[in-house]
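Presented below is the structure to which this report refers.
So that you can tell them apart, the chains are marked A, B and C in the order they are listed, and the count of residues begins at 1 in each.
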Amino acid sequence: MNGKHRLSAASSPHICSPFGTRSLMLDVLIALIPALCMAVYFYGPRALILTAISVGGCEFMEFAYRRLMKKSNTLGDLSAAITGVLLAFVCPVTLPYWIILIGDFFAIIVVKQLFGGLGKNFLNPALAAHAFLMLCYPIPMTTWAKPLEWPGLGISVPGAVTCAAPLSAEFMGSGILPDASLGDMFVGNIGGCLGEVSALMLIIGGAYLLIRGVIRVRIPLAFIGTVAALTFLFPQGNGHLRWMLYSLLGGSLMLGAFFMATDYVTSPVTAGGELFFGVGCGLFTVLIRYFGSYPDGVSHAILIMNSTVCLLDKAGMPARFGVAAGRRKAFWKKFRAGGKGEDAS
Amino acid sequence: MKMRMKIRQQLKEGLFTRNPVLVQQMGLCPVLAVSTSLCNGIGMGLSVLAVLLCSSVIVALLRKIIPDRFRVLCCIAVTAIFTTAAGQLLQSFFPPLSDRLGIYVPLIALNSMILSRTETFAFRSRVDAAAVDGAVQALGYAMALLLLCAVRELLGSGTLGGGLLGAGGAGIRILPEGAGLRVLVLPAGGFLTLAVLIAATQYILRRMAEKNAAAEKEAEL
Amino acid sequence: MKHTFYGGIHPAEHKETTARKPVAPLSKAPSQVVIPLSMQPDSPCRLIVKVGEKVAAGQQIGQADGPGAPIHASVSGKVAAVEPRPYAGGGSRMSVVIENDFQDTLSPGCTPRSSWEALTPQELVDIIKSAGITGMGGAGVPTHHKLSAALGKADTLILNGAECEPYITADHRLMLEQGEKVLGGARILMRALGLDKATIGVEGNKLDAVEHLKNLLPTGETGICIRTLRTRYPQGGEKQLIQRITGRKVPPGGVSADVGCCVFNAGTAAAVYNAVVLGLPLTHRIVTVTGDAVARPKNLMVPLGTSFSHLIEEAGGFVMDPARVISGGPMMGTAQHDLSVTTDKTTNAVLCLAAGDLPAPQREQVCLRCGRCVDVCPMRLAPLYIHMYTQRQLWRRVEDLHAMDCMECGCCQYICPARIPLLQSLRTSKFEIAHRKGAEA
């Protein structure tokens, strides 16, 4: 019997879970489909075309960069596709196509590939590109189409019918609740970016991700919970409950909480870190909405918290198994001392 | 300590291999702040050239008299004299440019590049060597500054030569209106563009070094 | 109060193939048995028989002078050789090769005892020591050692009937078919430790065993208690079992006696019963031979020292090309390349996996920082950071992340979607840290 069989001898464990990187990314894309369908319903086929161009642009740029730099081809892991879809989702549907390609370039090449590719970026690529585009082209990025008045399919559509988004200066930016009803806000019959309007579809997508175990509930819960608590306690307009509900459903809070803040690479890995991250995102969102010059603070809040992830991870490290809680003080002492005693040997 | 180098070698170093902005990364504050249009770049570059040249010469002349402990103090004092003069000249002859450059003209006195050249090089060299070094380094500074200005203005505002050329000083429009990446005109874009330029310089330098190493290896064989 | 342990995973169990198959004796006895002189490489037994001598089953053939346990012949026959032989745990060990004479002559020293209740704890420990009983579920620590170390310190006795690894059903069948021996062993161990309470923890996927054991206990029993545990790997790990049943956490670098607990495998308890009541040393154990690659998976009562190839023949031989043969379970077992290795006291399964059961060989991808490894680690480590620092050889940082606490359960590598060999990095880092500590000392 010996020597007749080709036995492979690797070290344990010899089995692995059925989920791989690609299946996780595929799940995220599937979770984004309901929101995309709603966007097409409200804004017409241009929504689909803008998303497709964004995805194609991201994939092409990743492919071209990796090829030019003689690195491995990573198109198969679908992360560039997700960045493309998310970037399209935070842009208005009337955005000219060439502007979103510039956004793709910034997201994929500058934010992701220049730092080392997947797993190495410290900012969420789609949100960083969104911030970049807001700085470069503020007017096109804040011109929202009216729902159900489908804009044309041309490269830029100057004649599209526009309306104000709920969080802009006309409404909640000045403390006035928008005309749209709560039902409209929930379904998405309001002005806003392509993928952020339909809270219903985003919650469905988020639920799918939670059920499949792709994301954990801590960050969305902490994020949405903090915004809910702060807007309930400190409303700027009429009524605590109404103001809170409009705040939760308006802007890109649902999109940010379920899809952006939970991005693996740029969020903490420890439980404590995740909770702190979610709370911090919520806090900055409300602060920027109330006191900042941008109408919606979600993307910048997440970007701010992205840059603190390293510290959050350190702070949120679980207590050592079998060591009493009192000994955590020793850890904090060492942490404050600046991590002395580290060496590269 | 007297340093004698060939002028051509110094030129190559000042402009390229040891460029104060792109390689040594000194004196970056005014570079990032004023490089929003070509005209600003020319103005700042010429000012820096004048100040560094004159300061280097004077410091080299005075080097035997100044004690070592007052080295930095005297270099700054000399630079400040020439900066004030340059500032006054700019204000008299080119007031709009002077307004646009704003506080960064008086800040030339504290420019780390100028301080470093006068303190480490001019203080220990003969006048002619100091003059050459000052001129060459300032030329490198100005060249990098102009490059940055050109990129930022072209891609950021879509014009070239704003403040100097074009109708009413608006510059020659190259990209259509509203098509420029406005962020490049903002400080954030300045950092981004400078980073790309520094990366490109590093890449070219590394390729040159590899080629030289390969050529040396072949020469040995 | 209900406690639980952190993390853990729930892989597909694959136990249904053999869970209902009663333990069968070998249809054909092995022609030779190869018994290693020790299970720890640095403390071999001293041989007390000579090559060519005739031995009976159950006769002691090795004396433990050091910290090990004595070894006994599992079959009767002639000592053919004492030489290095391949060992399932890796490498080769000095082993005693006994040619089976197929007579199954029992050694005269193996006589049953009429009553054991009169024996003192020290006498019980001596009997257990001379029977060569070691832990049958894990590292194979000699049972008499554990008892002596825990005497006076332990206030809780726990029997481990969890068997959390997929595929294995040896302890399950033991509890179903020899439940009286498990309970009897529990009582003996309670006596040896001077305790009056014991808990047997059984995972929820073995409810029939739980029922059976509960039925065997007399009504009004206050000593032994059967607890049903959540089915999760690695519930059967000693530290996790203690945490689940008592809520206490073993400190880093410590042993279970430090928190007043003493844990034994259910099979060890049955072996203790055999030794004290029936006078039999540890010569046989239940081994599950399973996997898609064998024709008829089964649970077998196997004399120690039987080769893997013999066991695979008993299970009907290979029905398809085996890709991997594992001694133990798929999470912590050792892959074998030489099927002439033999079973020892801790071998609970021979797992023959076909290519379809193994993960497809794929290139390791980049770490996504998804955090699943941090979620599943039962020892609350952060494997992704340990891996990152190990790659860069920053050993001080790795030590600060408590890599030495790792119990090598493999949950992190199982769950990683990027298929990063996290356990490899952890093992490497543990070796490096221990190496550096040894060098500095």
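One rule holds for everything that comes next: contacts are C-beta pairs under 8 Å (C-beta built on N, C-alpha and C of every residue); 3 or more make two chains touch, one makes a residue touch a chain.
What you see is a predicted model, and the numbers here were worked out from it, not measured in a lab.
Distance from each chain's C-alpha mean to the overall C-alpha mean is smallest for A. Among the remaining chains, the Cα-based centre furthest from that of subunit A is the centre of C.
Computed centre separation for the pair subunit A/subunit B is 41 angstrom, with centres defined by C-alpha atoms.
The distance from the centre of subunit A to the centre of subunit C, with each centre set as the mean of the Cα atoms, comes to 47 Å.
Work out the mean CA point of subunit B and of subunit C, and you get 73 Å between them. The touching residues of subunit B, when paired with subunit A in their complex, are 178, 180-184, 186, 188-189, 192. The touching residues of subunit A, when paired with subunit C in their complex, are 1-2, 5-17, 19-21, 23-24, 77, 117-120, 216, 264-265, 267-271, 274, 313, 317-323, 341-345.
Listing the residues of subunit A that touch subunit B in their complex gives 102, 110, 132, 135-139. Interface residues of subunit C facing subunit A in the complex, by the touch rule stated above, are 6, 9, 11, 166, 239, 249-252, 254, 309, 312-313, 318, 321-326, 330-340, 353, 357-359, 362, 365-371, 374-375, 378-380, 382, 384-385, 394-397, 400-402, 405, 408, 410, 413-419, 421, 423-424, 427.
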